[in-house]
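Labels A, B, C and D are assigned to the chains in the order they are written; within every chain, residues are numbered from 1.
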Amino acid sequence: DPALIFDLGGKFDKSFNEAAYNGAERWKAETGGSYKELEMQSEAMREQALRRLAQSGANPIVMTGFAFGEVLNKVAPDYPDTKFVIIDMVVEQPNVQSIVFTEEQGSYLAGVLAAQASKSGTVGFIGGMDIPLIHKFECGYAQGFKAAKPDGKLIINYTGTTPAAWNDPVKGGELVRAQISQGADVIYAAAGGTGIGVLQAAADAGILSIGVDSNQNHLHPGKVLTSMVKGVDNSVYEAFKAGAEIQPGVKVMDLASGGVSVAMDESNKPLISDEMTAAVEAATKAIVGGEIKVHDYMTDNTCPVE
Amino acid sequence: MDFATVLQILDSAVRLMTPLLLACLAGLYSERAGVFDIGLEGKMLMAAFTSASVAYATGSAWLGLLAGIAGAAAMAGLHGLASISFRGNQLISGVAINFLASGLTVLLGQKIFGLGGRTPSLSGAARFGEITLPFADSLRPVPVIGPVYAELISGHTLLVYVAFAMVPLTWWVLYRTRFGLRLRAVGENPASVDTAGVSVTRLRYGAVMICGVLCGIAGAYLATGISAGFVKEMTAGRGFIALAALIFAKWRPWSALFATFLFGLMEAVANRFPDLDLGIITVPSMFMNALPYILTVIILAGFVGRAIPPRAGGEPYVKER
Amino acid sequence: MERMPKWADVILTPLISLALAFVLSALVILAIGESPAEALKVMVEGALGSSYGWGFTLYYTTNFIFTGLAVMVAYHAGLFNIGGEGQAAVGGLGVALVLLALPWPHWALALPAAMLGAALFGAAWALIPAWLQARRGSHVVITTIMFNFIAAALLNYVLVNLLRPVGSMDPASANFAPATHLPKLSGMAKALGLNWGENTPVNIAFFIALAACLLVWLLIWRTRLGYEIRAFGKSEPAALYAGISALRITVVAMLVSGGLAGLMAVNNVMGEAERLVLNAVEGAGFIGIAVALMGRNHPFGVLLAALLFGFLYQGGGELALWTTIPRELIVVIQALVILFTGALDNMVRMPLERLFMALRRKGA
Amino acid sequence: MALAGATDTAPAIELRGICKAFGPVQANRNIDLSVPRGTIHGIIGENGAGKSTLMSILYGFYRPDAGEILVGGQPIAITDSQAAIRAGIGMVFQHFKLVQNFTVLENVILGAEDGRLLRPSLARARGELKRLAAEYELQVDPDALVEELSVGHQQRVEILKALYRQADILILDEPTGVLTPAEADHLFRILRGLKDEGKTIILITHKLREIMEITDNVSVMRRGEMVASVRTAETSPTQLAELMVGRKVLLRVEKPPAIPGAPVLQIRGLRMVDHDKVERLRGIDLEIRAGEILGIAGVAGNGQTQLLEILGGFPEAGSHISGEIRLNGKPLPLSGKGADGRSRRQAGIGHVPEDRQAEGLIMDFTAWENAAFGYHDAPEFNRGWLMDNAAIRADAMGKIERFDVRPPDPDLAAKSFSGGNQQKIVVAREIERNPDLLLIGQPTRGVDIGAIEFIHKRILALRDAGKAVLLVSVELDEITALSDRIAVMFDGRIMGERLPGEATTGELGCLMAGVDPAVTPPGAAIPPAAAPGSDAGGGAG
């Protein structure tokens, strides 16, 4: 049986852990198979979980989150017959498949859409905990926005510095109001549970918001401009389907492969004009074709646009 | 910084201070009666959960509010049981209540809603909407007063007004009523109340339950007023800030208003200016986020000096050794 | 004349309280539709059923011993240190800086230096609240809580902006050099030809924790400083009468307390993660409060209570791993244990006292 | 046995078979008591005899384990103080039950408010207080904060509280311990006035003189039992003392004349301004020679505490001290390094503090740990880094034996000893160090007669060994019995010095009230019972 390990955020984090869970559930529903799932409770438990699963014969073992990188590097060689899949991190071992997403590209498209949808020319970004991964989202978004609206204004806020920052919808909502008061009329939230508060406050205030990781358009139909979707669910689904035969190596899930995208569905249909669709398509083509290179914040800890 | 920005920051401060103010007044009742309470956080959290759950189930914010009050009151009752009836250590009881609320809310939430401790989002009548006060719109054009009335004073949820009304009410109860006199006395010298023939136990339970009710309103405000639903650990340390504000206010109602406003203001400013550019250096956002905590320490150290708590505070009333 | 024998006070009361906490926990488990017996089985087997489980239980125990001792020392001086969380976090920073600054040739050299770094950083983080309490009367409960938040911000800043290797996703420091990795207990067992606790994180820091229990016991009950700390904690005016300086005792007790909390980093940062990660303390600082109180502020009691919480933590982890019970159940169980053994202990003690009084009267 | 007072009506109070245990301590054992209406009834007994407990039961503060209470012949259930108040009982406790930061008025109405709102109650109480003040000479400022009142005034507030509640039966638990003779006289005048109105008064006191002076009947308690109830007129102090202790006691210590040597302590112009900028000491000049006991008389709160604390090295934080103190000719620092308790001990000053429970002892420490308290860093108690607990224990055992501390169990916590035995531990610790100068504050406050005898003997022995003793006590009898010279303190000054043989109680009393009879003609107005700016350090016994 395959196995899935969630990171500390837990499987209902409204974010990528939950997406992974949905992928696994889809596989279960389609194939009728069963899988093991584990939630972390402490740092020291990561290794324990990996080893116990490997010993129990689970294959492949899928885990979400960069935090597993170190441990996997150590554990994978001990179980050469087991295949491991790690999401959001590269681990170079012969029995590991690493899946990374180009969040900057998806966020770039979100930025393009935000620029189109914004009437004031000012848009916002609200991050959860102030860590590099979230800056990657922020930087891609900023690049897309500036490309479409070079003199537009971008307001950036982070909720906090402790893990509590992922679960503070009150502060998320307040940040929305602060950004609105500075003119923002589209706000992109990459903040886990805090994001729920962001989307809510934006909907309450009658401005647009952008969801993240999973498709969150349906949370407030007609009020969420789009969601920057990471295909974590697909990746997990694919990995489970491939089973023990899964190919080791690095798998970059980018725009071209559909790994990241901006969600278009019934909920946001009224919000998306034809020009927007055109702009997104043009940008997608340019990125896929290599004309536009979206800078990845993680490579050098800097962002080319402010 | 223009007038509109100032107004918006103040407006934000008012919203952010509301849960602090309610929790601070809650602590004031309890501690003035001699029962220390570091479990404000847990009570608010429990209230946020129960109010969101019931508001979702019934679609009524009012029933949610009642449930929030019930949830916090249950925790308050536990605190009373431990620290009044069984003369336990009040600090430990508070710590335990914080843990208990933190665990129970998620456990129950997961059991009921299966969303990992979150409740489904609330909408419509399940939330307290913003109230526009009379003439807000027609007064808006009046210079200065107009915007202040329309932006700052009008347009909050009912619970905000309740919180502000609690300040004069608390003052009045404390200093103008029999109950207030006895409450203050029992926090200073319970034996004086006892020998006057008034039950110390009943008075303290009364104070602790009022504390529960106010924490309940604070929690309900968090979950059904300012946001729309419960998220685990959503109080995010506000109970502790309220406690700091209580000490800062030296256990006095009007000072509590001022102290919580200051904390609300600090948070609003940090929200508005995430990277404070001071010319020479830019203060990183991490430190702007920690600003309320840093300022708390500075204020406690620099301006408050020795805040003398109610004399019988923290100690159970033991008549017979 | 005592109301009841000492053993009843020190052993019977906490045991009954603990039993009550577990009964209530069982009810909670029933309420969420699971089987308490099954849960107990998973917990006991997962935490104590194998050398593997013990390896983890003892690892967590080590953490809790340090934070429990930290709370205990401050408590004897009449100070309620809620800042173990922040002090341990900053202690981790000390360990990381020491280990990353020099190319240590061997762990035996690195360990004393890292311990020093951990203790110094942890102590420094307790110094400001201590000083403010002694000099300005700012309540140490509030300031240490604030310093937990500030420590989190500081660590976030340092890890993200200063210690994080460029290109790394992880807000974590670089790995420490392999030469600095502490010997694991499993490795020691292997050297003795035993197969014990393979792949468990418990390491030599466990012995440091045991030694710390002994040293703290000596400090509190056998040295002048300990005598003065206890005297000050029991009665400030009396301490003043005896010429014991309030400032000195407050500061020294908090420094020792912070240093002990900081030392936890030797276990989790140096011994387990072998690098500094964000939120490495994971609440151990708060659990230390419960450990100290349950352990009746005695090092031996702290050791036992740390073992109990180590068991709860590991057993609870296993529960979350292998059953559908959410990990928050452990938080609830911890809360109940703290509540019953710490705050509601008179609920058990009062009837017991009455019972013993009645027995004595009958005997007399 | 017949008691003085009306015999035709039912007694105001009758107690039958009252029993009360606090855990293992049987505080009251099958007590019967009858108090005739309109009399003053004295109750005496050693510490811990159960006097306060009995009265607290009568007032509904404690619930008795068994027994019956009759008020005016009717059995009533006194379940709480409210019930006692309704039955017309009022009580002034040994340790006042006032809210320190409330005004007099607020304290008076607390629990006896007229309605839910305070305003009407306060107005009525203000009028009522004015009337009571006029009627009973009980003037106090209704708007003053209690913490700013002297002990004497605080006591008035307590009495006013009882009268405001229309008490018919007034219980006073050791009311005179903290009063000057003049204040005590004033109190007794009030009590007589109340008695003449037909009120019944129960008075607990340790002072046999007061019993003889004012009571009609007296009951004696010993170890929780009521051992006798007699007419005051038909008994004597010696008989009462014997009944109390159960053996013969010397009411006076034998004291050989002093042989003073070189000056040990010299104080010049000592001033102290406390944290709140109140001047507590206004220029003290004193000298004590070797082999001499200087007694300082005065009402509590006139600077004695501050004087002892400065000499002992622990003045109130934030205070400012000036002047000069010399010990054996060498100046002592007044602040900073070398001015703390430890340095003072090293310089040769022993100190039995006024408040033994708060300062002299760590109540949770064992007896043996306490026996080294303050001297715990002495070389003989330490071995290198560690304390030598065996040596400390051995030393403590010796002290317990020599000072007859009971029970002789060094492992018992200090709080488990009775007040007298606690005091013996402190006195043993300080005296056996053989200090050049012994500071001793309220050495026998709340201590039973047997222990008083013993402690007095030890103080005299120290003097005779050529040491200097500074004795502070509010008990004039004790001062005159022990001192070789008496200095009277009032309002931070030394009002005058007298030799014990030549000074009369009345003269000392005048000095204690701030009037020098040598300067002011006798009969001049004695100021009301006030100790200005008093901090009322009525420490626990």
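Here, a residue touches a chain if its C-beta (ideal position, glycine included) is under 8 Å from a C-beta of that chain, and two chains touch if they have at least 3 such contacts.
This is a predicted model, so every value here is computed, not measured.
Between the chain pairs B-D and A-B, more C-beta pairs are in contact across A-B. Work out the mean CA point of chain B and of chain D, and you get 46 Å between them.
If you average the Cα atoms of chain A and of chain D, the two centres end up 75 Å apart.
Rounded to whole angstrom, the centroid-to-centroid distance between chain A and chain B, based on C-alpha atoms, equals 35 Å.
Measuring from the averaged C-alpha position of chain C to that of chain D gives a distance of 47 Å.
Counting partners per residue, chain D has 23 as the residues that reach two or more other chains. Each of residues 130, 161 in chain A touches at least two other chains.
Of all residues in chain C, those touching 2 or more other chains are 149, 152-153, 156-157, 160, 326, 330, listed in ascending order. Under the contact rule stated at the top, the pairs of chains that touch are A-B, A-C, B-C, B-D, C-D.
Put simply, chain A touches chain B in their complex at residues 10-14, 18, 130, 156-161, 164, 167-175, 177-178, 181-182, 193-194, 196-197, 200-201, 204, 219. Every residue of chain C that touches chain A in the complex is listed here, in rising order: 56, 59-60, 149, 152-153, 156-157, 160, 164, 166-172, 175, 199-201, 268, 272-273, 275, 277-280, 282, 313, 316-317, 320-321, 326-327, 330.
Against chain C, in their complex, chain B makes its touches with residues 38, 78, 81-83, 86-93, 95-100, 102-104, 106-108, 110-111, 116-117, 237, 240, 243-244, 247, 284, 286-287, 289-290, 293-294, 296-297, 300-302, 304-307. Those residues of chain D lying in contact with chain C across their complex are 23-25, 312-314, 340-345, 351, 353, 355, 358-365, 369, 373-374, 376-377, 382, 385-387, 389, 416.
The touching residues of chain B, when paired with chain A in their complex, are 4-5, 8-9, 11-12, 15-16, 19, 110, 114-118, 121, 222, 226-229, 231-234, 236-237, 267-268, 271-272, 274-275, 285-286, 289-290.
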